[in-house]
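Structure below; questions to follow.
Chain IDs A, B, C and D follow the sequence of writing; residue 1 opens each chain.
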Amino acid sequence: MTNTQLTLIQIDNYGPWTVTPNPRREVDLQTLQSRLYADVSQLVGNREGYAFFGRFDNMVTVTNGLDRSDLALIQEAIGNRYPVTASLSTAVDPSPVAALGRASERLQDAGSAQDDTRRERLLGETLPDDERTDGDVQIAHFDVDDATGKYTDQLNEFDTFIRIEQGYAALMRHMREAHDSLSFFVGGDNVIAVCSALSAADYHDAIKHVADAVDVELKVGVGRSRVAQAAGMAAKHALEACRENGSAVEFG
Amino acid sequence: MTNTQLTLIQIDNYGPWTVTPNPRREVDLQTLQSRLYADVSQLVGNREGYAFFGRFDNMVTVTNGLDRSDLALIQEAIGNRYPVTASLSTAVDPSPVAALGRASERLQDAGSAQDDTRRERLLGETLPDDERTDGDVQIAHFDVDDATGKYTDQLNEFDTFIRIEQGYAALMRHMREAHDSLSFFVGGDNVIAVCSALSAADYHDAIKHVADAVDVELKVGVGRSRVAQAAGMAAKHALEACRENGSAVEFG
Amino acid sequence: MTNTQLTLIQIDNYGPWTVTPNPRREVDLQTLQSRLYADVSQLVGNREGYAFFGRFDNMVTVTNGLDRSDLALIQEAIGNRYPVTASLSTAVDPSPVAALGRASERLQDAGSAQDDTRRERLLGETLPDDERTDGDVQIAHFDVDDATGKYTDQLNEFDTFIRIEQGYAALMRHMREAHDSLSFFVGGDNVIAVCSALSAADYHDAIKHVADAVDVELKVGVGRSRVAQAAGMAAKHALEACRENGSAVEFG
Amino acid sequence: MTNTQLTLIQIDNYGPWTVTPNPRREVDLQTLQSRLYADVSQLVGNREGYAFFGRFDNMVTVTNGLDRSDLALIQEAIGNRYPVTASLSTAVDPSPVAALGRASERLQDAGSAQDDTRRERLLGETLPDDERTDGDVQIAHFDVDDATGKYTDQLNEFDTFIRIEQGYAALMRHMREAHDSLSFFVGGDNVIAVCSALSAADYHDAIKHVADAVDVELKVGVGRSRVAQAAGMAAKHALEACRENGSAVEFG
């Protein structure tokens, strides 16, 4: 059984801010969003977690090993560095989807994402130290088989991008619906999934589903550990093993 | 007629770099990618262009108004600030897809994205000053109608994200296939498209297509100018007019 | 004759902000300050100017070639990306000290640096295009002769730092008092000065003054151009010529 | 007795890199340096240490609480994000100057700062966990009494800067020579010192020395703890107490 601690980081009242008093320059919004994500990635990553940019104004992070004071510090750091603030909501569950569901609900109960008076809320529960185990987090790192040879070096960049996006859209939906898992595009031809305790057969099934649905061939390395970073690094090494062995699924 | 100048910015040999000599930490890759994009966004944006993160290792930028020396400076700035280098390939065409197609081909002809000896190539042609007109660039700024009320404040964040992603996947494919236009997710519930000279009817058609295909309601503001930034800002103001008027399509 | 356009960028009400409601973490302040400077450096540098960090909450920038709308955009970009705002005050004068003096006075007349109601003021005048000449900006790039061999590789790092600082303190005062010029430490063993039209004899005098006062040996390359960036690059090449020729002063 | 763990972070072969094959643009160097410092500040700060920019190519950091693997990760993160690499050398001593002295020597013994073959060295010893105490780190936070009223709002910005710099130059030398302590300008009118176990009388002496030497009035808050961040935050609160009480020296 996994036991994933997920924290939803939501920028407070961001939509209205981007157009008040007038629409802000896109270059400034893009700069703000990508830097804020880079900071969250480091603040969480320095504590052995993983952060995904998602929609940028709503970021999903895997925070096993972080306690309430760590999360408070991340919230404070955002407020000290940016013109916007953020609310954080955390939940723990064997199913990543269920954890994110509870975290989302708690935040929604506290007020709308566009409620100017709901600011810097720090909600939810973290996993007590004595309940943590070495198998709490399962991370899967997918990439597209020979994406450079088949796509990047052959198609125009947008058509390559469409192929990668169709593969991602099919995978994210299947992994969520069939396997309670959350999959995030992380650049290039890479997708990282936060999973419940899936078997090799489950991963073969997911790869087959995507190949059938949109004709994109994936491979995947899987890792498991007490925290996201170690699980993710094991997954990367397992993916290298796929490359060497010509296999589609490897566990690290 | 539009006349869009597009520059493809491709990190040289990035895939192999990320796993040499061993897979690098994901937090460092995410930090590098999002910062590199923030820098490109500023380097292009300071010259009135637009930059999209796309796959991060391949970024599409609208560079009307930038000449070869501007592009060389961007390339030099990347090499001076990051552990990786980038190649840039530029083409101009009434059709954004055709422009990106020629830019992609030129870069592919110069070598593979994973060819260690193909580095810092600066390829292609820019639009001569005396051929530039005030209608060269058409930008459309889409968002999801009442995304906060319907999704963000109702669903778990991943299910919201799935809805936004399905809407984006349907839109990007339709706009490319039916309208030669390039659409990019830019965070939240926003998509910005670089378009050929489309009519209001074309945009109504695109919105209807997405509603029928995946049941996501979009609205769009459209702007046109000599450069991407002014066209994009006009599009944002037009989108505000949609909000005020309850309309689905407005031209700025 | 030089004609330097200087812009003072002052963070509004920064001191009180750093301790309200409680003192903010030093790591967040340092991160904010150094990133804000990096952004100003790029926003000005992308328009061929130079920016110096100075005291970080007050930055001096050389902005020949930037007009009022460029300065307004820099101000807007800061407000869109940071939790603080900035006021900008600009003046032009053959003497850099006199230009900064007028820019400082105008800003002081508009209110205190710790006046919460004085925010985002954009003050002063820029140099009209038809009055600009190819010799408006003189930049001098100093470094310490063989700093690595004499200090970095020999002393403990703090004692090296003390030597560099004493050299800088002596140079900054002398250049200001004797030559109306503004000198800024820019890292390592480098100082960049924004100068009025100084002769080779003036630079030999400054170098001798520092050697006599604090026993630190400097050399300097000097460049002159229409904008700071070209003048500064010429100064760097001239400093390389010093290295090759064993000379103390070279003009580019 | 204090027991300060200091880590010298030196960019490898930086001087030659800045001019190879030609001098690099100053804007790129300034951007690189200030961002690298911001990252080091966070990487160390996220582990409750303090980082000072110093000369930027040589940064002094207080790393009590970080072990060898933490330092290795910081080194790896720099190499993964920047076009340069860094060597780190650590030593522990009741006297901060002595600690930095040993750290500097070890690095010098390993090769010159401009030796292209000396790269990413990780040297020295850290303080074993069972020898750590709650009083290991003493931090003093100085500022200039009423700097805004006396200088910023009165003088031209460069003359204010000269006053602050003269105050800093006098303080840094005195604290090093009389008290084995390392003082760093951190922006505005603030100086933070890493101290051996100094008494209130020692701080009164330092303040008097600076007032006599260069006529700049300082006040100081002092904190002490197991790690730099807690000591530094206590020092900030003590400095606020000075403000409220009109006193020159307060211990937190």
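Here, a contact is a pair of C-beta atoms (placed from the backbone, for glycine too) under 8 Å apart; a residue touches a chain by one contact, two chains touch by 3 or more.
Just so it is clear, the structure is predicted and the values come from calculations on it, not from any experiment.
Taking shared numbers over all numbers used, the chain C to chain D interface scores over half, which places it in the same class. A comparison of the B-D and A-B interfaces places the larger number of contacting C-beta pairs at A-B.
With centres defined as mean CA coordinates, chain C is found 36 Å away from chain B. Rounded to whole angstrom units, the spacing between the C-alpha centres of chain A and chain B is 22. The centroid of the Cα atoms in chain B and the matching centroid in chain D are 42 Å apart. Counting only residues that touch two or more partner chains, chain A has 25, 27, 29, 31, 35, 42, 46. Interface residues of chain B, counted against chain D in their complex, comprise 24-25, 27-29, 31-32, 35, 76-77, 79-83.
Those residues of chain C that touch chain B in the complex are listed here as 39, 42-43, 46-47.
Chain C makes touch with chain D in their complex at residues 8, 10, 14-15, 18-19, 22-23, 25-27, 29-31, 33-35, 37-38, 41-42, 44-46, 50-51, 53-58, 60, 97, 100-101, 103-105, 108, 112-114, 148, 152-162, 164-166, 168-169, 172-173, 176, 182, 186-189, 192, 229, 232-233, 236-237, 239-240.
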